[in-house]
Amino acid sequence: MIPELGQFALILALAVALVQGALPLAGVQRGNAAWIALAWPAVRAQAFLLTFSFCCLTWAFIDNDFSVVYTASHSNSQLPLPYRIAAVWGGHEGSLLLWALLLSWWSFAVSLFSRQLPETMTARVLGILGLVSVGFLVFILMTSNPFERQLPGLPEGNDLNPLLQDPGLVIHPPLLYMGYVGFSIAYAFAIAALLSGQLDAAWARWSRPWTMVAWIFLTLGIAMGSWWAYYELGWGGWWFWDPVENASFMPWLIGTALIHSLAVTEKRGSFKNWTVMLAIGAFSLSLLGTFLVRSGVLTSVHAFATDPKRGVYILAFLVAVIGSSLLLFAWRAPKVGLGGRFALLSRESLLLTNNVMLAVVCATVLIGTLSPLIASALGKKLSVGAPYFNTVFGALMVPVVFLIGVGPFARWKEASLAGLARLLRWPFFVAVLAAILLPLSLDHWSPLIALGLALAFWIALTATLNFIARVRATRAGRPFLSTLFKQPGAFWGMHLAHLGIAVFIVGVTMVKGYETEKDVKMGPGDTVEVGGYQFGFLGVRETNGPNYLALIGDVEVTKNGKPYRRMTPEKRIYNASGMPMTETAIDSGFLRDLYISLGEPIDRENLNGEWAVRVYHKPFVGWIWIGCLLMALGGLVSICDRRYRVRANAVVITPSATQPAQSA
Amino acid sequence: MNKFLWPLAGFIILAVFLRIGLDLNPHEVPSPFIGKPAPEFSLPVLGTPGEALDKHFSPRDMRGKVWLLNVWSSWCVSCRAEHPFLVRLAKEGKLPIVGFNYKEVRGDTEIDASKLGAEAERELVQKRARAWLAQRGDPYQLTVLDIDGRVAIDYGVYGVPETYLIDREGIIRVKHIGPLTEDALREKIMPLLEQETRGKP
Amino acid sequence: MIAATPFLRKTLLSVLACCLLAFPFAVQPKEAAPLADDPAAEKRLRSLSEEFRCLVCQNQSIADSNADLAVDLRREIRSMIHEGKSDSDIKDFMVTRYGDFVLYRPPLEGATLLLWFGPGLLFIIALVALRSTLRRRDRTLAAERELSPEEQQKAEALLRAATDTPPKE
């Protein structure tokens, strides 16, 4: 009964979405206030109905209702409760419902927090979100109904893929989807602005916090996914350039360009067309990602089970959404004004350059991801994988990262090349010199290590200098530190996020350059030394998990003869599927991770004998994710900017024309 | 032209490729061997019980004939599905089929082959292969045993069952991945076979 | 990803019960033997096999995959390394059998020129286009400024007030 209620709520939600998508937009066009006013209750009703529907599906999982096809194929009565709940989005149908649910929540949030906006603008935004929702709900109901029954029901479910039975599944998809769906808000604002012709600084100011929040979620979602792959897959990698990973990375790149571009549009009224284009692009790439993951056009390690009918539907949806948006763009953009004037070298032009480069990087990832498809359409088979992406992406990111150091020093409107060179000469030399010398004192030297470190030092040094310069300019006799902390959130946020990139680069460079790895056969009593630590293998013991059998290897780690800690890599066999899984043991430190993964027994009938064990010492690997967290934190700090909030709400704004570099 | 139409144009091209991509199978890897000579090998032929493995077969032995090389194994589930069709095809007698038994023991995850000696493994391979053919019918003119899977690597085998059509000159003309079916035979193999027979009276 | 091996499970379940009771703690510690005899060759094997795509699981490299075929191919590559074959010999071995599909780093040839040089080319084109767009934009705005300085001033003031009134084109 409950699944039927859920499905019924889903159908009602579609009806409401149709109202939300049609009437407010028509109302604005024809000046019908009653139709416009419908947007708000429709959004509320839709959020309620989808929440209810989602709860019904969750209940089917909690209740082990295996007469629901989706539950039967993605859960099992032995599965621990938190994973049964997370299993709701562990497959195609449920994760789509999560998409629709989050979209309704985002829409609801927009309806709540947009009181200061003109009613017609909000109505348009909500209407567009309603149309997007219609697309998703029709898709769910027509091709991917999570409530479909099979009678009689199965006595037991198939189980959730053991790879997904991990806290990662609880957190990663919701974060990622919050990001994807969040870009729909930026998109809806952009389309609303195009429709109304009000493509102005106010529009940028309204959509900026929403975009930033979506970007923060996407950053966290991607980082979480990468960390999950790192500890779960057992071979120590953290990014594989798999099509599905690329599908999340492309909207991130364009989203990053978008938050920078919005800043310029808000402050200087420039780049309006470009900003609109990026807003459409970020959401389009989110949709494209959905297509790539769910249609089966590309092979990926984590694609969903596919069905050609779904592919055709999503493609039609893509063409409708993206095609109509781009058409609208082509129609309206020529009439949009140019905005403030600025010199060929200025904060504006540098930001625009950075934007263009990010777009090129994104296009590269897109071409790389799709070229196997394009090649096979042209009758040739090829593969594009990590070795290609690492080379090309790495090369393209060098100038982008370099500009991060320059941008904050450039003045709005006009900057002087000589002035910039004078300011940045020293940090440049120091960064290069340090990057060349530092690896010499370490294990070995390579040009790539030096390059990576130079870029990281460059960002760190220029950020520090920028802070100092800024505090000097604004302290007016007050103490240095208090002035430092009084700097606006936007300024802090920008530098935190940029430092996050530096930290990230250090992590990548150090782990690529200095990682050590040993593949050994270990019997009880054997030891191996990796990265200055001694790993003594004690043997393997058996434990029963809630729904698996575990073989736990005990590894005693010592450093210089002193006991450090015990690590316990596992091998698990899941009861329902019989699938073996490797659970790595990781000792995360600030400067290094110790990482052990237990392989197979050398003699499969003697579990007390030798085992294949892989031990890694990964210097600075944690900095990869610390860097991502810093980027997200930077975003958070910048939207908490007090001045910015005042600006966002106030009708009358005091100009602050003489302010130097503020935020990016 | 309005320069703001460029993004739309780019997107339309992309969408066309995506639409084509939907009809393609990204998992199918075309064999680079099509049109190339079938790699030479010499593998032991499965004999009757008690018979030593001293008879060998090489693709050269089939010169002048159009034939099928069918890769199979008793642990392979799809081979089970494919087998009745092969038996029927053999009865029609249009095409000689050579069986290529792939890693009969080593490929089977149920058995720890490293425990067995080489001799014991050979015995087990023959026993299992014979049992399978006795139970399900033997469509093969003869069956060769690729115990360690080395020759299969030379043929680029990556999923069992796979079937190769080899022509009179020993050139591989078709590679079919997955169970051979009536449709696959009609669409991929028969046209080439007819062309071959027409080519040589 | 780890391929399901029902065998392992069966053995584990049956053997576990009896053999996991006693740990031989008294064993003298000794240095664990490397899994392979020749760590240098093993390192080369690893970096080589990272460049090859596993054909069974399809989106893992041969280095990462545990599929049966990947294990066999690693064995083949290992023996070729021991025979003193060069990296390009080994690459040819793979390509003749599985085609370009097996290479994660697409070969540089006619069809892939765009893939390899496209990004760089796009990068240059984008920057050149950006420069000329900015120049043109600046000229347009300068021309407008000459036409009506007061209007422009007013627009600037309004801009500074962070509301937008685009100048007429």
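Every chain is named by a letter (A, B and C) in the order it is written, and numbering of its residues begins at 1.
The definition used in the following text is that a contact is a pair of C-beta atoms (placed from the backbone, for glycine too) under 8 Å apart; a residue touches a chain by one contact, two chains touch by 3 or more.
Keep in mind that what you see is a predicted model, and the values were worked out from it rather than measured.
**Student:** Which chain pair has the highest count of C-beta pairs that touch?
**Tutor:** By number of C-beta pairs in contact, the leading chain pair is A-C.
**Student:** From the centre of subunit A, which chain's CA centre is farthest?
**Tutor:** Chain B.
**Student:** Could you state the distance in Å from the CA-based centre of subunit B to that of subunit C?
**Tutor:** Averaging C-alpha atoms per chain gives centres 32 Å apart.
**Student:** Need the CA-centroid distance for the pair subunit A / subunit B, whole Å please.
**Tutor:** Inter-chain centre distance comes to 43 Å.
**Student:** Hey, how far is the Cα centre of subunit A from the one of subunit C, in Å?
**Tutor:** A distance of 18 Å separates the two centres.
**Student:** Please list all residues of subunit C that touch 2 or more other chains.
**Tutor:** 4-8, 11, 58, 99, 101, in rising order.
**Student:** Using the touch rule from the top of the page, what residues of subunit A touch 2 or more other chains?
**Tutor:** 299, 381, 604-605
**Student:** At least two partner chains per residue is the criterion; list those residues in subunit B.
**Tutor:** Those would be 26-27, 29-30, 112.
**Student:** Once bound in the complex, which stretches of subunit B touch subunit A?
**Tutor:** 2, 4-5, 7-8, 11-12, 14-15, 17-24, 26-27, 29-30, 112, 115
**Student:** Which subunit C residues qualify as touching subunit A in the complex?
**Tutor:** It comes out as residues 1-2, 4-9, 11-13, 15-16, 19-20, 22-25, 27-36, 42, 50-51, 53, 57-61, 64, 99-106, 111-112, 114-116, 118-120, 122-123, 126-127, 130-131, 134-135, 137-138, 140-142, 145, 156, 159-169.
**Student:** Sort out for me which residues of subunit B touch subunit C in the complex.
**Tutor:** 26-27, 29-32, 103, 107, 109-112, 149-150, 153-156, 158-159
**Student:** Quick check: in the complex, which residue numbers of subunit A touch subunit B?
**Tutor:** 273, 277, 284, 291, 295-299, 308, 311-312, 315, 318-319, 322-323, 326-327, 329-330, 333-334, 370, 372-374, 376-377, 381, 604-605
**Student:** Write out the stretch or stretches of subunit C touching subunit B in their complex.
**Tutor:** Residue list for subunit C touching subunit B: 3-8, 10-11, 55-56, 58, 68-69, 72-73, 76, 95-99, 101.
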